[in-house]
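Both complexes below contain chain A, partnered by chain B and then by chain C.
Right, the complex of A and B next:
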């Protein structure tokens, strides 16, 4: 019961944040210098055509009325028509979303399977050469901007070593026979199409690794430091003095509670991940939402822009909600805190 | 504090700071780059290459003693343009943080000290702004505001103050019931005095460390923005733009990408080392 209340409170908070976000985006999109209708139609459109589009978009209405229209559309999930592709923004987003989701899921996979073991090993082998090396790596990984890592990977693994392709999601000639989820790796597994699977894997490897570097660095850092902190606590000392095997102490009593700060970081990480995806997608010509967003922004497509920004905000809030959910399950202190307040 | 005490304290800080090689390297890198950037027209070999300049006899020259970093597709010296490219990054970092830090600090102090509806308002506002990835927000804002660098920087500052408001707010909440604050209250000190003279000095180390770290972050952001072609007007050089342009000529003309990219990295690493050193010395936990 308390857990449900805790989740409800988090969800309500997220909805309020989303509402505020939509207001901020509205303000930004309406102070855009230059006439969005004129931008969409190009320099050769007549005055009448521009005026007609302005009317269609409701740009000539008073700001307050525009806001009411904008909000009522949003509540119904309508973002309007993209001024560039002339399709419903929802369709455009749905078309580009699977590529981004696949990239981000793959990135999260690397962050977890590389970051946590390295951080844990680093804590166990504290102050050894391995620990120093890992800490140096984690500092470097956090500091280097993701898009530069991407270009470095392209240069090294793509051009010089020629191990991996450097752009796109699939090689020319490889086709997805049946789109099920739109995530090619998962589709390939369902279809048992191994050629597709390895081709998709080869393409996603460099961008997802480039995008995951900062996260790996942070997860190493936080896992290591929280394990070292937990190790000094009384209950761990007690368990040790009872003669419980070292390996069991490390896994059950130190690593497991250390997951909580790590999970928190993963939630926060999703923000910088989504942001960096903009750059990494454009480095690797990855056909995802971020690439769509950059195009919408460069071409002043307001509706597309609003859609992308809200989608990112929503993604970030959802990620954090899921993290809160898992943390609540793992850590009774957080779950029950609501009761005390 | 007496002046002699202050000097002794400073000397202690400096001693601890100088014990760490990375911190010293960070300090040297940062100071050198700032100086070189300010003096760019006098220290670069071909200052005229920073603007509109074409020399078709010298296009795509690999690194040599005449052009340390090689030349680009219209024959401009990449070393010169990289140094001038730092201007874009440093102006951006200076302006954004110059607005955001004081604004965020004051709002954080006010919300933490007064509490009540002011606190709720300011903190809910930071919740909303922080729900968006800064890079995505920066891209959106600078796309909307066009190539006008000034507007982009103001807009970024409008996002950035929230981090400082959060930081200072948290510290004020934990400091406002300290004994020395109560003592000042009992002695009849004004609210302004308590906020700015009693509480703020205790937040200063954390603010300083965060500002140094954020300088690196804003520079990374500005490189990302200019990489996408936002916020910068060609032919003015920006490191991100140079990386993007060079990437079109990979792998044959690798120097066009690699050197501007390294230029970004050197500055970012320098600032991070400096921040780490300051964090150790000032004993800040961020």
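Right, the complex of A and C next:
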């Protein structure tokens, strides 16, 4: 019961944040220098054409009225038409989002399955050659920007070794017979189309690994250091002093509390991944939403921009809500807050 | 294997060195200490004088890297330091258990009391020190035993306690849980590291009284580390006074309080505020010295009000004053 209340509080909090975000992005999109209508129509359009578009977009109205219109559209889930593609922004997003979602999910997968075990092992084998190697790797991984790793991977695995394709989501011959989620890996699993699955996997491997490097490095470090910190705490000494097997002490009594900082990092990571995704998407010609968003920003496509920013914000809040949910499950002090004493 | 032994626990010439940046620190220097069956022994001294390190050496809780342990720790006549890891775990954690200093940090915050007690008691019941999964039957048995001992330490509603997380219990309740945990393993010796110092005075008094009574009833030997002289006087039969990693004096509790011989012991007893007499007590000037730059002679020399010239270079040997009274000081004898 307390847990559900806790989650509801978190969700309500997220909605407030989303509201704040919508206000900020409205202000930014209106005070940005440059005229969106002029940008959309190009330098050869006449003054009248520009004025007509401004009127159509409602940019000639007072700011207050614009805001009311903007909000009422948002509440109905309307973002308007993109000034670049001239399509409904929702269609654009629906078209670009699955690619990025797939990339980020794959990236998080690597971060979790590589970062956490390496960090935990590194803590268990503290000060051994393995630990030193892992730490060296994690520092390097954090420092090198993702797009550079991407280019390195393309050179090594794509150009020299020729193991993996270096651009796009699928090979030219591969077709998706039926779009279900838009995430090709998942669609392929649902359709049991193994050719599609392995082709998509081959394409996503390099970009997702390149994008995951910084996260893996961070997660190794935080998992290692929080396990070492918990290790020295009294309660671990207590279970050790009673002769509970080492393996159980490490993987139950140390790993569970040590997991909480790692989860927090994972939540924050989901935000920075979207930023880094732009560069990696560019390097690998990945048709994702991050690239779409940056184009919208550079070309003053205010409707597209609002759509992308709110979508990313929503994704970030959802990721953190999930993290909070898991932390609540792990940590009774958060889950049962208010019940104590 | 049956061995004849006089003492339950006998620590002989225990030496512990820590490798520090800048040299080896001799943290324990030839410590001798014994506890007989059912006996209650106190160890007193300032913070940082090696009390806890001695107990951790017994419990095998010292880090293995950069630490050298020398001498012997006999338990029922067997030297623990010569046993392998698994043989040693049959003793420490089962026959010898330790109650830690701070009840607020001694329980894992993300597991219920029941989960922790089941694991600890269950693995001791199983006797097997490997493997990760306890059989259901053992887990059930461990839980029943846990509930019994929670009742023994006068906690109402053991079932509720077992289902609680540590943060839902008060400090005094947590301390009781830790005592129940220690008793549940049916040990022969309990090492208590300043039990209750983190609690308020009235709770501490209740806890100490309870522990004393439970230990007495079961004939368990108690080795109590503390800097509280009042506690020592009330609960123990014999006392060891430690200073900077050495035992400076040991005697029956009454004898030590009646006639302290070592200047450090005198200072320690003097530092207790008294109801009669004027002003605050004298105490001892200074603090425990740096272990990297220890005086080669008597370790108390730099702070000793009665130091002799030879104290600076010649370490004093322990000397028997009477049957139970030993002191290491050049002033005596």
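Some notes on this structure:
The rule is short, and it goes like this: the second predicted complex is superposed on the first by the 337 of 341 C-alpha atoms of A that agree within 3 Å, B and C clash if a C-alpha of one lies under 4 Å from a C-alpha of the other, contacts with A are read in each partner's own complex, and residues count from 1 in each chain.
Basically, a contact is a pair of C-beta atoms (placed from the backbone, for glycine too) under 8 Å apart; a residue touches a chain by one contact, two chains touch by 3 or more.
Small disclaimer: the values here were computed from a predicted structure and weren't measured.
Taken together in the superposed arrangement on chain A, chain B and chain C fit without clashing. Look at A:242: by the touch rule set out above, it reaches chain C but stays clear of chain B. Here chain B and chain C are compared by how many residues of chain A each touches, and B touches more. Once the two complexes are overlaid on the shared chain, A:274 sits against chain B while remaining clear of chain C.
With both structures placed on the common chain, the touch criterion links A:316 to chain B but leaves chain C unconnected. In the superposed model, A:51 makes contact with neither chain B nor chain C.
Of the two partner chains placed by the overlay, only chain B lies in contact with A:298; chain C stays clear of it. Applying the stated contact rule after C-alpha superposition, one finds that A:151 touches chain B and leaves chain C untouched. Here the vertex is the CA centre of chain A, and the angle it makes with the centres of chain B and chain C is 80 degrees, a multiple of 10.
Between chain B and chain C in the chain A overlay, the least Cα distance found is 13 Å. Residues common to the contacts of chain A with chain B and with chain C across the two structures: none. Contact residues of chain B toward chain A in the complex are 124-125, 127-137, 139-141, 143-146, 148, 216, 220, 223-224, 227-230, 243, 247, 250-251, 254, 257-258, 261, 264-265, 268-269, 272.
Those residues of chain A lying in contact with chain C across their complex are 127, 233-245, 247-248, 251-253, 256-257, 330-333, 336, 339-341. On the side of chain C, the complex with chain A involves touching residues 59, 61, 65, 89-90, 92-94, 97-98, 100-102, 105-112, 116, 119-120, 123-124, 129-132, 165, 167-168, 170, 178, 181, 185. On the side of chain A, the complex with chain B involves touching residues 13, 16-18, 20-21, 24-25, 28-29, 31-34, 139, 143-145, 147-148, 151-152, 154-155, 159-160, 271-276, 278-279, 282-283, 293-294, 297-298, 300, 305, 309, 312-313, 316-317.
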